[in-house]
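Starting off with a structure, shown below.
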Amino acid sequence: MMMNDMPQEAVQEQTRRIGDVVLDLQNISLSFGGVKALTNISFDVREHEIRSIIGPNGAGKSSMLNVINGVYHPQEGRILFRGEERRKMEPHVAAAQGIARTFQNIALFKGMSVLDNIMTGRNLKMKCGLLAHAMFWGPAQKEEIEHRKKVEEVIDFLEIQSIRKTPVGRLPYGLQKRVELGRALAAEPSLLLLDEPMAGMNVEEKQDMCRFILDVNDQFGTTIVLIEHDMGVVMDISDRVVVLDYGKKIGDGAPDEVKNNPEVIAAYLGTSH
Amino acid sequence: MNTATHTAASAAAPYLSINNVEVIYDHVILVLKGVSLQVPKGKIVALLGANGAGKSTTLKSISNLLRAERGDVTKGSIEFKGARIDQMTPNDLVKRGVIQVMEGRHCFGHLSIEENLLTGAYTRSISRAELKDNLEKVYHYFPRLKQRRSSQAGYTSGGEQQMCAIGRALMAKPEMILLDEPSMGLAPQIVEEIFEIVKDLNTKEQVSFLLAEQNTMVALRYADFGYIMENGRIVMEGDAKELATNEDVKEFYLGLAGEGRKSFRDVKHYRRRKRWLS
Amino acid sequence: MQFFFEVLIGGLLSGVLYALVALGFVLIYKASGVFNFAQGAMVFFAALTFVGFRELLPGLTGLDPEGALVFWMAFVLALGAMIVLGILTEKIVLRPLVNQPHITLFMATIGLTFLVEGIAQGIWGANVRGLSLGIADEPVEWIMDSANMLVSKFDLFAAALAGVLVASLALFFQYTKVGRALRAVADDHQAALSIGIPLQQIWAIVWAVAGFVALVAGLIWGARSGVQFALTFTALKALPVLILGGFTSVPGAIVGGLIIGASEKLAEVYIGPFVGGGIEGWFPYMLALAFLLVRPEGLFGERHIDRV
Amino acid sequence: ASEQFIGLPSYRVGPFGSNGASLYGGWIDYMAMINERDGGINGVKLSWEECETEYNNARGVECYERLKGKGATGNTVFQPLSTGITYSVLEKVAQDKIPMVTIGYGRTDAADGRVFPWVFPMISTYWTQASAIINYIGSKEGGVDKLKGKKIGLLYHDSAYGKESHAILDKLASKHGFTVEKIAVASPGNEQQAQWLQIRQAKPDYVILWGWGVMNATALRTAQKTGYPREKVIGVWWSGSEEDTVPAGDAAKGYTAAGFNVAGANYPVVQDIQKHVYGKSKGNMEDKGRVGSVLYNRGVVHGIITVEAIRKAQEKYGKGKALTGEQVRWGFENLDIDDKRLAALGAAGFMPDLKITCADHEGAGKVKFQQWDGAKWTVVSDWISGDQTVVRPMIEESAAAYAKEKGITPRDCSKEM
Amino acid sequence: MLYREAGQFKASYIEDQQIFPIRQDKIGFIAILAFFSLVVPMIASEYWLQAILIPVLIFSLAAIGLNILTGYAGQLSLGSAAFMAVGAFGAYNFMLRIDGMPFIAALILGGLCAALVGIAFGLPSLRIKGFYLAVATLAAQFFIVWALVKFPWFSNNSTSGVISAQKVEILGFAFDTPVSKYLLTLAVVAVFALLAKNLVRTTTGRSWMAVRDMDVAAEVIGIRPMRAKLSAFAVSSFYCGVAGALYAYTYLGTVEPEGFSLDLSFRILFMIIIGGVASIMGSFLGAAFIVLLPIFLNVAMHALFAGTMPAGLASNLELIIFGGLIIFFLIVEPHGLARLWQIGKEKLRLWPFPH
């Protein structure tokens, strides 16, 4: 009963909502010393879609995300974001343009509480200066409270009310992942990059996480780039999938297409799937 | 329902046994509330449970790495091959054949992959040739590592680091491996491979395993016996095959509801979980 | 020009002496990630213990106080003391602090500095003592004669000694099992424990070796300026060497030493007069700082890895 | 009976702990000797308490405050033995009415007692010393007029202390027509290669060593290494103790240094200490071999001056009574240790005669020179005075500036008794 | 069960954002402040005020400064004493050279000088990390002290390099007694501590901590490491500078550049490590501990061994115990006294149940 509230129109709506290309990566190459992490890779991401990147370990998936938000600077290639070409750019500029992300090896601020971690996500939107903060009076206080409200919304959304004040270092892995998602969401990004958000989770937790991702995608229209090794998840929730192997693109398309691509099967999925 | 299997497990002379262990972090945070479990010789035992249930803590209390995190075993005892091991140093434990592969990789970032593997054999005094043999064996299991052998481990990808950590433990030639979330962050193919390796080591070299895993499906497929942990307590135990068919387990840990696997897209967003104990 | 080279060579040779102290830091840092501020105090302790025994022994044994036998007996006893100090440090200070943040360990070594200074002076008294190693601190004659340039015999001897130490330690770290384990420990205490590397043993070994290096440095420096409390300040000379060479590199210590020594002396002679002199206190630090801006991990240091 | 309390802010650890041990040893031993031999000063026993400062200003101030109220009449004299601490308590002592005695260190212009009634930089100030050293060099050259055209190197500790030498030497240089080559050594001074190569290059006729701590031994060592004759190196009194020459070993042989007291254990006053204090195994020195060393004897000088001032004050305020700080100050200001008194104290030739007045808190203004022969110091000159015609105006000028800054009206000494 | 937050609910975020969301804490804080500003001046002796309370307060302020940089922003610095020196000499020169300069303004200007110097020496932190940076801050330590000695202008050409602080007067009231100096210090320190507390719990503080915990991640979410690090250097040096000025004006009265030695920098570092990294309260606890410990040891040694032990040995024993206690405290609680306090509170919350 309960599992059937997703009516048929919703599925149609999904196909409808996908818009134009927002992020276009053209001929990206990246190497570290002798290691070629990415070789001549091109793909695009459309507005509102969930775009997954899969591939074996060391294929260059994380490096790809790092290229998108400016942590790595590719030696070759062009990146077009909302039609603008971005040459060398710094991560905080990407953040200012509405790109947020989570990390493969949790990169929360260990010494801070959950609340503070998520509050940092709103950093970009806060305008008050140092002196105002020191006084904590008038505008600074108002601003703080206002943003706190937003953050509480995120906390409610992710159902982590009970651990608000806990230092994140003490949380189990799965919850840390969720907090990290919260931090990214707090920035109200238009493009969300998720690097293995479900690693180390059991099925139930993965289901929760999927739900969050889908809801974000639905409710806020956020475009999502997702790296994930759980094929069940990837095939179920993505709109299109890119497959990387040894830094090269070996497949790109709808989940079903990719799943049946022999090259992908050989390189990644293996026969047991 | 699980009394029968329980006796079965204890009947096969316990090799590693944990009795009623209680662990407190930082003098105030009580994490394990009396955990008991056994690993029979030559078996693979899976320790399952949600995030924060205390799986890693259990493993660390065995390998005695807790103290480095200001955690303490305040009650209970841990025995391996009939001898108490709760006061031993990790070094002694490794020499006795118990080694842990920690969750979260923990490779030595500044050492190359090969040096990482070589440090794994620190406790053994073996000839150069034998060392080389061992190294080759690990490379045989993980060909990817061979390709990256001279890269600094800190710069390799997440999955490569995971392989490195497991390979490093294998270099110690252990009899009992405590594997903490080996599948985390690995490509499905590799997960499968790793479990094959586990099985291989288990059958060919009689290595016993206690593995904490979130990937219940795979874990139960390879394990002989399973424990399910919630909130610092063991709430269910049984033969792996039985657990895999248990309805609750199926629903909550395998995501299989009645008629089979359900799409992630369709799972509803409501609190489904029934807690055995909270 | 002759003067320039004289200053240059003098500087290079002094630099080697700085490197000798820096080496002790590198050893411990490399093996445990601990920035051992007590190294200076250890140099003092070692030298003081050595002269202490050297004064004591003739009275006890009736041997010739200037003889080789007394020298070596004192050396061995002092070395023994350093090893004991190393082992105790491991037991009392480091073991309980495994896996703690580096700054905590750093602070602990500052505490250790007080402890070691207090113990050294408590045992041997605060007296300032002379120390002669039997190598005169005089110019090498033929260089003096042929080029009218001043190159000290003593400094040459010290440089050679430092060279041997550096070479053997570098080899040890790179190619032996224990050396590898030492580097592993520095990266991740807990992971090192998990694969059975006996941290205790490893640390005791390193601290003992660092003690040996401190003893050598203490003898050389003690012979230069007397055995007195100020030997602890040699640490301050070693720090810029250390950052320039890289905390984790044994050869870096020597190269850093050479660079710092030479440029500090040249700066004092050629820039000093314009700003009123006495710039040796900060110049090496500024130089090292400027250098770091180009290479944040020093010349040969390991890069800080932060991958996301 | 009553007791006279003296607070001792001492330093026995840290880089100068070695110096401190000798100095405080001599001082405490002298006071102990007075108690043992004479039963105190007219029956008033001396009592004291040490307070470790580690040569650190903040701790010095804490010691000052802590010691201030101790004893029946409070602390009656404060002798910080650190210029930094001297400055830190300079204003406090006037408020608290505790005389401060700084012998051979401290604030030079405090020699003007009209502006600094509570401070006594006795025997000789740095400026007087510098002038005396030039006079000594002059005497070796056959008269100060022979200094014309000579070059004198000044190797100084690069700190406020070292720079005390600059103004006075510049003045003397222009007066006598020599040049000064100033070379700074960064603290602590355990490396002087560059400096001595510069000296080797400049070839000065003499080098004045204005050092402290490890800098001294290193200077002598490096002088040897660069071939500069030690006979031409003249040290100040903080560079002229066994603590400076012993660690330099052979390199110190021939080196000469100034001092306002001499070394040697054969003076009657030291003999008395040996007999009455060490004889009863009550000595303060852990290393008895250092009794009679320069710094030990300097401590004895501190003791003598302190005791004599109290004795003097008792003459006015009542013999056999414990005095207040204010009363002891009078004792200091009217101190007059002439040769006769010195002989009576068993210290003839041990320290210069000393007469303090309301205007002149320095008193003697003389130093002796001693040469290190490789094992001990031997006196090589008589008491040599500084050139007061140069020094005194400088002091008065500086003191007047201070008085102006602080709004102090100098005392009129003709009205003081 | 005195210490319980149960039953205290917060109806608005304003309430939850307060410095002391728990009522007992707030009452405790007010009580402590009242005690130190009303009771202490009446009962404390001159010695306590002058030699203990004033320095403890001043060092607390310096420790807060260092804590901002090291504890909150994660940039290890060994140059705090030098920044104090800049503050002291800065304030001195403003007082000296500008007629009618109000003291408080000079104090703040001195702090601003220190902040500027701090920013200059903070620039390398953009590239350099960890101990490399720590050693690099030694450059500041040595260079600043050298410059203050070398250029007589800073000390108004005093031959000895020592400056004597001018009289402190605010609105015609002269602060020249220990009590008044103490109250002035207390007021300045309390205000600045409050400001610091505000800073660290708002965006500025969060961006510092973010950079400390993981600078790549911080940058990715839009925090500019440069701004965060430099602002931390500026604010930290400002605090140290103000502390330095107070050190000169309400504590010692006269200061010389050499007084701001590396030793002092270490002492301040000890304060934050022993007190508690990233804790304002820890800064106070640490300062009190490090100021009091040597004094306590010295007094104790005299009480116990006066006369029976050679003086040199006694002094060395003090040193040994001091070092030993530092290590002991680090082992017992690596997170400092502030953490012990917190654990105490947590236990109190659970009390009488063990868990």
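In this document, chain identifiers A, B, C, D and E correspond to the written order of the chains, with residue numbering beginning at 1 in each.
The criterion applied here is as follows: contacts are C-beta pairs under 8 Å (C-beta built on N, C-alpha and C of every residue); 3 or more make two chains touch, one makes a residue touch a chain.
Not measured: the values here are computed from a predicted model.
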- Message: Let me spell it out: compute each chain's centre from its C-alpha atoms, then which one is farthest from chain B's centre?
- Response: D
- Task: Would you kindly say which chain has the C-alpha centre located farthest from the C-alpha centre of chain A?
- Result: D
- Could you state the distance in Å from the CA-based centre of chain D to that of chain E? 37
- Message: Between chain B and chain C, what distance separates the C-alpha centroids? Give it in angstrom.
- Response: 44
- Separation of chain A from chain D, taking each centre as the mean of its C-alpha atoms, in whole Å: 74
- Averaged-CA centre spacing for the pair chain E and chain B, given as whole angstrom: 47
- Task: Any chance you could list the residues of chain A touching two or more other chains?
- Result: 62, 71, 103-105, 107
- Listing for chain C: what residues touch at least two other chains? 117-118, 121, 125-126, 276, 278-279, 281-282, 307-308
- Query: Among the residues of chain B, which ones contact at least 2 other chains?
  - Reply: 155
- Message: For a test of understanding, state which residues of chain E touch chain D in their complex under the given definition.
- Response: 46-47, 50-52, 55, 146, 149-150, 159-162, 164, 251-259, 263-264, 294-295, 298-299, 302, 306, 310-313, 315-316, 318-319
- Message: Under the definition above, what is the set of chain B residues touching chain E in their complex?
- Response: 24, 26-28, 30
- Item | chain D residues touching chain C - in the complex, by the definition given at the top | 12-18, 20-21, 158, 182-188, 190-191, 193-195, 197-198, 200-201, 213-214, 217-218, 221, 224-227, 243, 246-251, 286-287, 290
- Message: Which residues of chain E touch chain A once you look at their complex with the stated criterion?
- Response: 13-14, 16-17, 195-196, 198-199, 202-207, 209-210, 212-214, 216-224, 231, 235, 278
- Which positions of chain A touch chain B when the two form their complex? 2-3, 5-6, 32, 35, 55-59, 62, 104-105, 170-175, 196, 199-208, 210-211, 214-215, 229-233, 236-237, 268-270, 272-273
